[in-house]
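Notes follow once the structure below has been shown.
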Amino acid sequence: MITLGSILEIKNFKMYYNTQAGKVKAADDISFSLNEGESMGLVGESGCGKTSVSMSIMKLLPENAEIISGNIYFNGKDLVPLSEEKMNEVRWAGISMIFQAAMNSLNPVYRVGDQIIEAIVTHEPNVTFEEARGRVANLYKLVGLDPERMDNYPHEYSGGMKQRAVIAMSLACNPKLIIADEPTTALDVIVQDTILRELDKIQKRLNMSMIYISHDIAVIAEVASKIAIMYAGKIVEMADSVTIFKKPAHPYTVGLMSSFPSIRGPKKELNMIPGEPPNLLNSPDHCRFAPRCPFATDECISKTPPYEEIEAGHLVACFHPQNLKRQVSANVG
Amino acid sequence: MLKYIGNRLVQIFIMLVIYVAIVFFLLHAMPGGIKSILITNPKLTQKAQETIIKAFGLNQPLWIQFWDYMKNIFTLNLGISFSYYPTPVWNIIAERLPRTLLLFTIATLIAFFVGFVSGKSLAWNRGKTSEYISTIVGIVTYTIFTPLLIFVMIWFFGSYLGIFPLNQFLNPDLWIHTNLNAQTVFLYILMTMSIIGVVMLVSFLMALRFSHKVGTRKLIFYLSTAISIIFALFLWAVSPLGIYGADIIWHMVLPVMVVTIISYAGTMLVMRDSMLETIKEDFITTARAKGLPDKVVRDKHAARTAMLPVITNFVLSMGFVVSGGVITESLFSWPGMGMTLLYSTLGKDYPLAAGALIFTGVFVLFAHLVVDIVYAFLDPRIRY
Amino acid sequence: MTDSTDALVKEKLESPMSVRIKIMWRSFKENWKIFAQSKIGLLGLWIVIIFAVAGFIVYPILTATVWKSTSLNAMVSYNPITGYDFLTTNPAPPSWAHLLGTDPLGRDVLAELLYSTPREFMLGILAALITVFIGTLIGTVSAYFGGITDTFFMRLADIVLLFPFIPFLIVISGMMQVDLITLALIIGLLSGFGGITIILRSQGLIIKSKPFIESAKISGASDAYIIVNHIIPNVMPLSFLYMMFNVTGAIFSEATLSFFGLLNIKMSWGLMIYTADTAGYIVGSNIWNYWWLWLPSGAAITLLCGAFYFIGRGLDEVVNPRLRKR
C-alpha cells in the first residue's frame, strides 16, 4: 500500500465543507506522494483548495469541514483517524508549517524567541530553557537573523524579519516535512526572492521534505523539484518541474504558462485564461475546467477524466492532453 | 515605561482640575446658588451660617471663590459639613473612602476574574445551549434593577438562610462591650489585604524571573500566596481584634456579592466578543499547528490576547460599577462614599456632597491610572 | 428630438429617491435576516413590543372602559396618581378588583405600572436620541476634520467618561428640581459627549479612508455634503446599536433616581418601589408578604432594560460581521 521512501502519501482524499448553501468540494479525490528530501509545489488559483489540502494534512480544519474519505499517510502512519492528542504529537515535530499570513502568525504579546521556545519545549519536555534558547539562537543564525533580536516583540520586527522568524520557528523541532503556504506573498519581490532561495538552501542542507503552495508557478518552479497543478479541488496535472514547463499537458497548465511573462524566452503575447474561476459549491461531475477549456468536447462535459500517467512520472487528468507526440490535432476546435 | 506613567499622571492631574471645575460651577449655577441652600438649611444656626459664609468667601465674586476652592481642594480643606457641624468634610471622607475602597477592590477583582473566565469559555463553546443560557443570565444580572436584586439577596441570605447579617457595617451588640474604634480595626483589615496583595505581586514577579517552567511558576505563586494568607489569618486569630475584624468581614460578604453580580456580566460579554475575534486570528492557527494542547492555545494565546480590549472596556465601565455601588452601599447601610453622597444630597449638605462627588471622581481616576499601568504591562505594543 | 429622448430616458430611469428607498428596503431585509437569526435579539424585540402594546394601547382602553369612574364604583378610583380604594385596607393583595393589588396609598398597582410605561419609553428613547444625535455628529465631524476639533472632543469625551454618572445625577437632582424631560436632556447630553463619540469616531475614520470619500471629494462635494450623505449613513447602524444600549442606561438611571425619591415626577416604576420602601413594606424577612409592591415594578424595569440590551446584542451581530458564526 505505502510506497517505500515516501514521507507523505495522500490517497484519494476527499474533504468537503458543509455550508448553508451546500457542500463545497475543497479537496476532491486528491492523491500524491512525496519522497524524503523532495520538494514539491502545489499551484493553483486562489480558492482552488490548495490551502484546504495543507490544512487537512495538519488536521487544522474548521468545524464545518468533513473528511469524506481517503487517507493521509505521514511516515507510514495514517493521520485521518488520529485523535487530537495524537495529532498534537505529529504537529510541528513531524510536520510544520510556514503560514500564508506570516505577518500575523506571531502572537503580538509574547517575545518572538519565547514563541519558538514554546514549540521546542512542548514537543521535547526534557530540553531545558537554556538549551532551547541556544537552539533558537542557532536557528536565527541559519535564517539570517541576529540572535539578539530573540527578546524583541513581533511589532519590533520588519515584514521580512517576521517572515524569517516564522521560518526559524517552522524549523524548531527538526520536522521531516514543512508546508510553506504562500510563504512570501506579503513581501516585496526582492525580499521574496532572497527568502525563497534561503529556504531552498536550508531544505537541501537539512534534507527535509517540503511542500510549497503558491498561485505563482514561476516562483515555485525555482525551488520545487516537482509540481502539482490544482484546479477546483482536484489535482489536474503533476510532473517534475522541467516537464511541466517544457511540455504542459493539461489545457489549464498550458493556460497558466502563457499567462506569465518570461524575461529570457522569446517575446510572446500573454494569454489570459478565459472565463470565471470555478465555484467549488456543488461542483459538477464532469471535467471542471471544461467550461473554460478551448479543447472541450462532449466527452468532457459528461464524464470525469481519469487521472492517468501519460508518461513516466507525468500524471494528467484530461481527455485531450496537449504537447504530446501522439497529440490528436482533430481535438482542437 | 516610567515616561508613560508620568504622562498619564500629568493627564490625570489636568483631568482632575477640569473635573473639579465642572463640579464647582455646576453647583454654583444651581437656581439660588449655594448661599440659598445654606440659608435654608434648618440644621445650622444663624451664627454658624455667617461663619461659613465668611470662611468660604461665599459673598465674594465667583472667580475668587473658585480660586479659593481649588487651593482648598489641594490642601484637602473641603469645608465643614452642615449636617455633622462642625466636623470638617475631609475627616468624614477620610473615614469613609477606605470602606468604599475595600468593598470595590474586592468586588471588582472577583467580578473581573469571574467575567474573564466565563467569557472565555462562552466563546470557546460557541453555539451550545449553555452559551445561550449564560448569555441571558449575564444580561439579566447586568440590567437587573439593583434594589430588586438587593431585596432578594437580603431576604434569601439574611432571612431565609439567616447566614449573613441583613445590613449595617458591624454588629452593635458585639461592639458595645469594647471601647475599640471600628475604624482602627477596619484599617488593620485594609493593611492586611494590601500586604497580601503585595506578596502575591512580588511572588508572581519572582516566579517569572526565576523559572521558565509553567508548573514551577504556579507552585511558587500559589505557595507564597497560601503561606501569606495562612500567616495573616493566624495573626488575626491570636490577636484580640480577631473577632471584630471577622465581624466586619462577615458584614461585607453580601455587598461584595451584589456588586460582583451586577458587574461581572459586563466583563463576560466583552470578553466573549473579543475572544471570538481573537480565535479567528492567524496566530491562533499557528499555535494550534505548533501542536500545543487545546488548553494552552485557549488560555495562553487566545485569552491572554483577547484580554486587552476587555481591560479598556473595564475602564469605561468603572463609572457604572461606582453607580451600582451607591445603591448597594445605601441599601446595606455600608457607610462608604456612595452612602455619604446620597445622604448628604438628601440632607442638602452641600460641602459634603461636593466633597464626596469629587472624591468619587478621584477614586475613579485613580482606578484608571492603575488599570493603565496594568495595561502597559500586559500589552508590549504600548510599552515604549 | 432631444426632449423626447430625455423624457424616454427619464421614464426608464427611476427617480433617485425611489432608488434610494429601494436600496434601503433591500438592505433592511438583508439585515433583518441576520438579526432574526439571533434568538436573543428577537426575544428582546418581543418584550419591547409587549410593553409598547400594554402602555400605548391597553392602558388607554382600560381607562376608557373598565377603569372609568362611574357612580357605581365612586369609592374606587383607578387614577394612578390620585386614586384611592376606600373599600379595602391598603395595601391590598391582588384581587379581581385590583389584579396586582394596591399600594400603601390605595392606588391600583397595575394602573401605576401601565401609566408609567409610555413615560419610560419616552424618557429612554428621547435620551438615547439626543445621545446618538450628538455622538454621531461629533464623532463623524471629528473623524472627518481631525486636528484640533478632534483633539478637543476626544479629550472632552475622556473627561465625561470619567464622571461617576449616577453620583453626579444624584447631586444634580438633589440640588435642583428635575422632571422627566430635564432628566432625559441631562442624560442625553452627558452620554452624548462620552464613550459613544469615541466609538463612532473610530468607525468614521474607517469610512473616511474608503475610496468613495476620495471620489466624492474629487467630484466637488462639499465637506458638509460628504459628512451627511456618505459618512453618517455608514456609521448609522453602529449609532443605532448604541442607541439601544443608551435606552437601557437612561431607563436604569431614572429608576435609580426615582428609587431615592430625587426626581420631581408624580409616578414611575422606580417611584413605586420608593413608596413601598419608605412606607416600610420592604424589610428583610417580610418582603414576600407584600411582593406586589415591589416585584411588578422591579421586574418591569429589569425586563425593559434587559429587552433593549438584548436587541442591542442582536444588532451587534448585524453590525459587527466578525461576531457572526460563518
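We call the chains A, B and C, going by the order they appear; numbering starts again at 1 in every chain.
Everything that follows uses one rule, which is that contacts are C-beta pairs under 8 Å (C-beta built on N, C-alpha and C of every residue); 3 or more make two chains touch, one makes a residue touch a chain.
Just so it is clear, the model here is predicted, and its values are computed rather than measured.
Asker: Would you mind checking which chain's C-alpha centre is most distant from the centre of chain B?
Answerer: A
Asker: Is the number of contacting C-beta pairs greater for B-C or for A-B?
Answerer: B-C
Asker: In angstrom, rounded to a whole number, how far apart do the mean CA points of chain A and chain C lie?
Answerer: 54
Asker: Counting only Cα atoms for the centres, state how far chain B is from chain C in Å.
Answerer: Here the centre of chain C sits 28 Å away from the centre of chain B.
Asker: For chain A and chain B, what's the span in angstrom between their mean Cα positions?
Answerer: Result: the chain centres lie 54 Å from each other.
Asker: For the complex, which residues does chain A have touching chain B?
Answerer: It comes out as residues 58, 60, 84-85, 87-93, 96-97, 99-101, 104-109, 118-119, 122-123, 129, 153, 155, 169.
Asker: So in the complex, the part of chain B that touches chain C is made up of which residues?
Answerer: Residues in contact with chain C: 15, 18-19, 22, 26-27, 30-31, 37, 126-127, 132, 135-136, 139-140, 142-148, 151-152, 154-155, 158-160, 166, 269, 273, 276-277, 280, 316, 319-320, 322-323, 326-327, 330, 338, 341-342, 345-346, 348, 350, 353-354, 356-357, 360-361, 364-365, 368.
Asker: Once bound in the complex, which stretches of chain C touch chain B?
Answerer: Against chain B, chain C makes touches at 39-40, 43, 158-159, 161-168, 170-172, 174-176, 195, 248, 252, 255-256, 259-262, 270, 273, 277, 282, 284-285, 287-288, 294-295, 298-299, 301-302, 305-306, 309-310, 313, 316, 320, 322-323, 325.
Asker: Note which residues of chain B are touching chain A in the complex, please.
Answerer: Going by the criterion above, the answer is residues 212-213, 281-283, 285-294, 296, 301, 304-305, 308, 378-381.
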